[in-house]
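The same subunit A turns up in both complexes below, where it pairs with subunit B and then with subunit C.
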Partner chain A sequence: MLTSAVSRSDKSTTKIMSIPHGERLRIHLMNQVAVLMACTMFGVLVVIYSSFRGGVFSLYELNTDAATTVPLLLAAAGQTIVLLRGGIDLSIGGVISLTTVLAATRFPGNDWSMACWIVAVVAIGGLAGAANGLLISLLRLQPFLVTLATWSMLAGTALIILPTDGGHIPDGWTTAGNLTAVGLSTPVWILILLGLFWCWFSRTRLGLAIRATGSAEKSAFLSGVSLPMIDISTYCLSGVFAALSGLFLVTQTATGSPTVGNDYILPTVAAAVIGGVSLFGGRGSLFGTILGAAILTVIGNLVFALQISSFWQPVASGVVLLIAVLGSSLAERSANREGI
Partner chain B sequence: MSFVRNRAIVFAYIGLAVLVALTATISPGLLRPSHVGTLLILASFIGIVAVGQTFVILSGGIDLSIPWVLTSAAILLTKFCGGSDAALAWAAPTVLLGGCAVGAINGVGIAIFDVPPIIMTLAVNVVIQGLILVDTSGAPTASAPSLVQFSAVGYVGPLPVALLVWAVLALAASVILSKTALGRYLYALGSNKIVARFSGVPVIFMTIIPYVLSGFTAAMAGILLTGYSGQAYLGMGDPYLFTSIAAVAIGGASVLGGSGHYVGTLAGASVLTLLTSLLSTLNLSNGALLLVYGLVILLTISLSSEEWGNVIRRLPKNQSERDADSVVHSEDRTL
Partner chain C sequence: MTLIHAQSVTKRFGGVYALHGADFSAEAKEVHALLGENGAGKSTFIQILTGALRPDSGNLLLKAQPYSPRNPLEAQAAGVSAVFQELSLIPDLSIAQNIWFCREPRSIWRTISTRTLGRMTEELFFRYQFPTLRPDRLIRSLSLGERQIVEVAKALSRNPDALILDEATSAMPRRETEWLLGLVERLARSGKLVIFISHRLAEVRAIVDRITVFRNGATVATYESRSVSDDQIISDMLGRRLDRLYPHRHIAKRGPIALAIRGLSCDRRLTDVHLTVHAGEIMGISGLQGHGQRELFLSLFGATKSEGEIELWGKKVHIASPYRALRGTNPVALVPEDRRGQGLLLARSIGENLTLAVMRHFARFGFLNTRREEKLCTDISRVLNVKYHGFDQAVGTLSGGNQQKVVFGKMLLTKAKILLLYDPTRGVDVGTKGEIFQLMRKLASDGYAILFYSSDLSEISNVADRVAVLQRGRVVAVLSGEDVVEPVILRWAMSGIDNAN
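Our next item is the complex of A and B:
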């Protein structure tokens, strides 16, 4: 009797432990439904685009499209990390503006001192982010409000330094942003580096801890994750990426603008969400965000290729964003109903 | 008067009092009756937009579609009227209903299709922006009918008309929040959606209503603002996204929902307006203004944080006690 009881309990444990293989695949697909939708959407858009314009599948097209996508993508990479943590970062816009303004007014022609300034600018972005993280974790303030306030402060600082668009970016830096190596331009290399960064970062202790904290804060804490450290490093990374985004942006525009960052805040969220990053934390990856940013770029190209008013571009982006979110929320709901 | 017990709202009024005292010492001219009238008109635009934003935030959402609902209301009104007062009789209700309809779309997406409020209202904002731009091709529209201009800058006796509109809306909002079942439902929903559903709150209906109201107040502010500036122009609503959220936040509401009151938002709208005027009399640049805005928001939300006690208490403790504390806190936070 005793043995039978033991064997029965053994059986039930093994039953819980091992989920059938097909079922596991299905759960995996359910989790990836947003990414799959984004892939489909991207494919459809590219096919439509290529039917309107020749030469879409060329290195030249890749290089120019990467140049328009990368400023958004670098900022969206930071936003993705914050969203994975379950927060949101509006101060990205302020950091980008401040970076372009500093680059346009302070960058000297001399290579050595320029390198110092670049490090300084990235450090400013990181510090601003760390301040966000500190306030959010220490005083338990809402990320939306804290970053709204710091966005305003950073944008204000940018406006004080440079009241209108202008300034000058040293030629040394603009050429660095437009080099070509092995047929691929700088932005394409940045794209590749971002991909490699994510392969590495998502497996690091910090990357895992951020994702874990985003999906279940309490469990993460009980597993030994230091919440203030996670918040500070999450927002710090976001600030660093925003600064990098600003630094790349000036190589394309060659001027500083105290307001340019404001146009990046919401598209970063949109790119991440279209790419399947959940606003509730814990779910998504940078590859999804890359896909989302690419979709937004293709929409812009498509509006241009169709020769309709460029005012249709925001309409199209908004509709795509809604479709993406509706799709993933419906999928999530059916997943919940099945108890996955 | 339960809102007196809300520390954050009391802070907002203390802040307002300090600001008024500061204004009286730095530039007393601003508090002359003629200026106060203008200040109140300016405050009423923020205050009216913030009625809707307060309701939305109390319900646990956020409305980012305000800027272009406001702008499109203004542009469509001037377009429908073409400068004549007669057309106003049907144009104004149409525009207000349009605002409600946009709000309803927001609400349905959020309540029925579970789209996160930030994304839903953001997408709707962008879509309206695009449609208005396509419609007007970016050109300015006809000037506002004189009746609309009167409603914004005119006076009834000693009181500006816009202020009266604000007063009516503010009173209605406060009564709804404090005295009606609708208000109770709203707080219940904002504090905890699941508990609210099990307590018999009509969750879907109560999620949609705040957005409809917010669409209405944004359109109302759009109409008044057209009258104030004499015409409608693209981007006229853009500042009101920031100011409406800031007014609610300074007024002590929690962005997570369930806590706050329109009485606080009143102080928030007044603080923002007075601060703007005070800083512009000091000849500060736009940049400095933004810097101070950010600082004020950061200060108010930091000061009203419930965590100060814990931050101070936590410092001299030993490790195990600290850990026990944090577990409790992380529970607070997830709720």
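Our next item is the complex of A and C:
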């Protein structure tokens, strides 16, 4: 028995090398169906858009579009991490609103004390997220309901501080959001930093463990993952990203709004799903979400360029979302067939 | 050297003793089998050894030191690793990521290198002579057998002193099983202790040095494998002599043709299959693993798309979905491969599980008639001899054998007369296996037509009336009478394959 095992495994070692490359590529592509579909949709939309408007492939267009996309994208980055964990975070709406309100009412003109306030605002977002994670993991509550409750609390707090849109954002901060370096504006640089962040984060133990826990919670637990630790860091990151989103948003609007965050909650989920992130956890990446957010922006631009009612924008977004969901379900099925 | 020593270990769940004075002693450099019926306390004992449970009382020594792991990680750090029946792998991570999960080496940027993990995995595979598996494949793309191989790799990657294999071969095809048994021998020779739990007695006998038998939570005996008979082991396990595992194969009158398959094909894995099954017979389906058995069963149940003609009781039908299979005029029922994932809702009660597929029989004006439901469940559970506290008990709390009986009950309630049994005895103890075979024989003589696949060839050869052998999705032989014996089946299953390679 021993000798037969040896000879067999020798044969199999050589086999590792002889797996046809095409087959490997095909399986890999199958796993990426959702992202490939998002790429195709993005390409098609850009081509249509460029046929209606000139100068689409210019640096200027990139800079303006990035400014429109980045508030959504920052919030969607946090949402992506939560979705990979298999949860959902509605409270980002409250965090964004609260952040803009604090910025509009509390930010002083002095640069140094403003820096302190920025750190404080990000910390508030992180703490709100950590509280979500704590409630979800220790009390074993549903993420949907917990974050629904904290959303309501945060949004209410924002209304108490500033009942209507208004306030003032110090010029120092609005300028910071609209700088240009090497031809690229601040939002483009944020985009690049976000990409670098994901390259790093998805390769860390925490990044892998979050995805693993979203894929199979019990197995991850048995392998030594601390579930409370994962949940707290996941939702904390989401809160931090929501706060960053709010901080960038005020550089564009130059005003505080106690309700603006509500418009971001479901679009963050949509951006992630269009980019191939699974609502069941474990599958997807931030690059997909970036693509998803970009698609949503191009749809907005297209509706504007066509000079039709802006109410067509959510209709078109819905259609794209449906196509994306269909794509990921096809990917799911093919993955399961590969499993046989 | 005594590696693990346990003395009068006790563990209670509520008022029930799962372990009541269990003793166990095993040495380095040996393969030690732990045998017992389901519910004998094996799993509980293993869970205590691996830190998943803590004992109520008793002494545990590891290398002569007191040993009381509080969780699986502490047990692994102390040198005890286990491969569980319940797989602990993460489907969306790759093989390499799973094996080194939470223990990955990191760069100065605290990142994990895929290439390093892949190399470590290939080294591990090479060192223990694992079968071919690419480290970057996702777990979700692997078969059950391959997943078990990865589980073994994961356990070995911690370089344990004691390796516990709990039913590790239950989903493995023959070739991989042989490999694993070879590996176990090599590990023992290299100084490790391997504790081996399996329901396949023959497999155990071939490789183990000593055997410990548990019954009702206590140790019955430990003996040298060489100096004990199979009968002795079985009677110690059961506390009585097992009459006969396999029922007599009386030549029942073959009824009309219940199931006729003509030119059935399915997604390259099943090609032009022709087969007829009569009422009153058990048709065994055999072949090496992955040669179309699963697709045949799933096609007949409408769970996968297929082409070709299917006739039930002489009437041509198109089985488009399991719903159609169960609710057609001639229903067909399936006992699926993975009862936890596909056959049962573990968190739901026995009653709910039994009646899920046939709810409409109990419903009036859309409401369930619970009294009728309960009566039928009582009847069926008595027939099947399910051991339970009450119908509101969650199925997940039953032992493996009893869970499988609930699956059978669910199937019988559908009134289907054509039964597809896909590996119905996987992970089921000897006693229940016998009961299941008796039941199958009784059903056949009541006029049922049964299609039966088992990963254990001796079950096919002892239970089936005829055997269809599949090879690369084709039926290469239909054996009957004296040809239904292991060597003939195996020869047909492997015919042509060696030449092709």
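In this section, the second predicted complex is superposed on the first by the 312 of 340 C-alpha atoms of A that agree within 3 Å, B and C clash if a C-alpha of one lies under 4 Å from a C-alpha of the other, contacts with A are read in each partner's own complex, and residues count from 1 in each chain.
The definition used in the following text is that contacts are C-beta pairs under 8 Å (C-beta built on N, C-alpha and C of every residue); 3 or more make two chains touch, one makes a residue touch a chain.
Computed from a prediction, not measured in an experiment: that's the story for all the values here.
**Q** Which partner does A:L222 contact after superposing on A: first (subunit B), second (subunit C), both, neither?
**A** both
**Q** Please indicate which partner A:A158 is in contact with in the superposed arrangement: first for subunit B, second for subunit C, both, or neither.
**A** Only subunit B is touched by A:A158; subunit C is not.
**Q** Quick one: classify A:L62 as touching subunit B (first), subunit C (second), both or neither.
**A** neither
**Q** Between subunit B and subunit C, pick out the one touching the greater number of residues of subunit A.
**A** Between subunit B and subunit C, the winner on subunit A residue contacts is B.
**Q** Which of the two partners, first being subunit B and second being subunit C, lies in contact with A:V269: first, second, both, or neither?
**A** first
**Q** Where does A:V46 make contact in the superposed view: on subunit B (first), on subunit C (second), on both, or on neither?
**A** Touch partners of A:V46: none, neither subunit B nor subunit C.
**Q** Can A:V33 be said to touch subunit B (first), subunit C (second), both, or neither?
**A** Neither partner.
**Q** Figure out whether A:L127 sits in contact with subunit B (first) or subunit C (second), or with both, or with neither.
**A** neither
**Q** Kindly list the residues of subunit A that each of subunit B and subunit C touches, one partner per complex.
**A** 218, 222
**Q** Under the touch definition given earlier, write down the residues of subunit A that touch subunit B in their complex.
**A** Touching subunit B: residues 88, 135, 138-142, 144-146, 148-161, 163, 217-218, 221-222, 227, 258, 266, 269-270, 273, 279-280, 309, 311-319, 321-322, 325-326, 329-330, 332-333 of subunit A.
**Q** Under the stated contact criterion, what part of subunit A meets subunit C in this complex?
**A** Touching subunit C from subunit A are residues 1-2, 4-6, 8-9, 12-13, 15-16, 19, 27, 31, 200, 203-205, 208-209, 211-212, 214-216, 218-220, 222-225, 282-283, 335-340.
**Q** Which part of subunit B faces subunit A closely enough to touch in the complex?
**A** Those residues of subunit B that touch subunit A are 62, 64, 109, 113-116, 118-120, 122-127, 129-131, 133-134, 137-138, 242, 245-246, 249, 254-256, 285-295, 297-298, 301-302, 305-308, 311, 326-327, 329-334.
**Q** For the complex, give me every residue of subunit C touching subunit A.
**A** Its residues touching subunit A are 72-73, 87-93, 97, 101-102, 104, 106, 109-113, 122, 126, 129-132, 134, 138, 140-143, 175, 178-179, 181-183, 185-186, 267, 269, 294-295.
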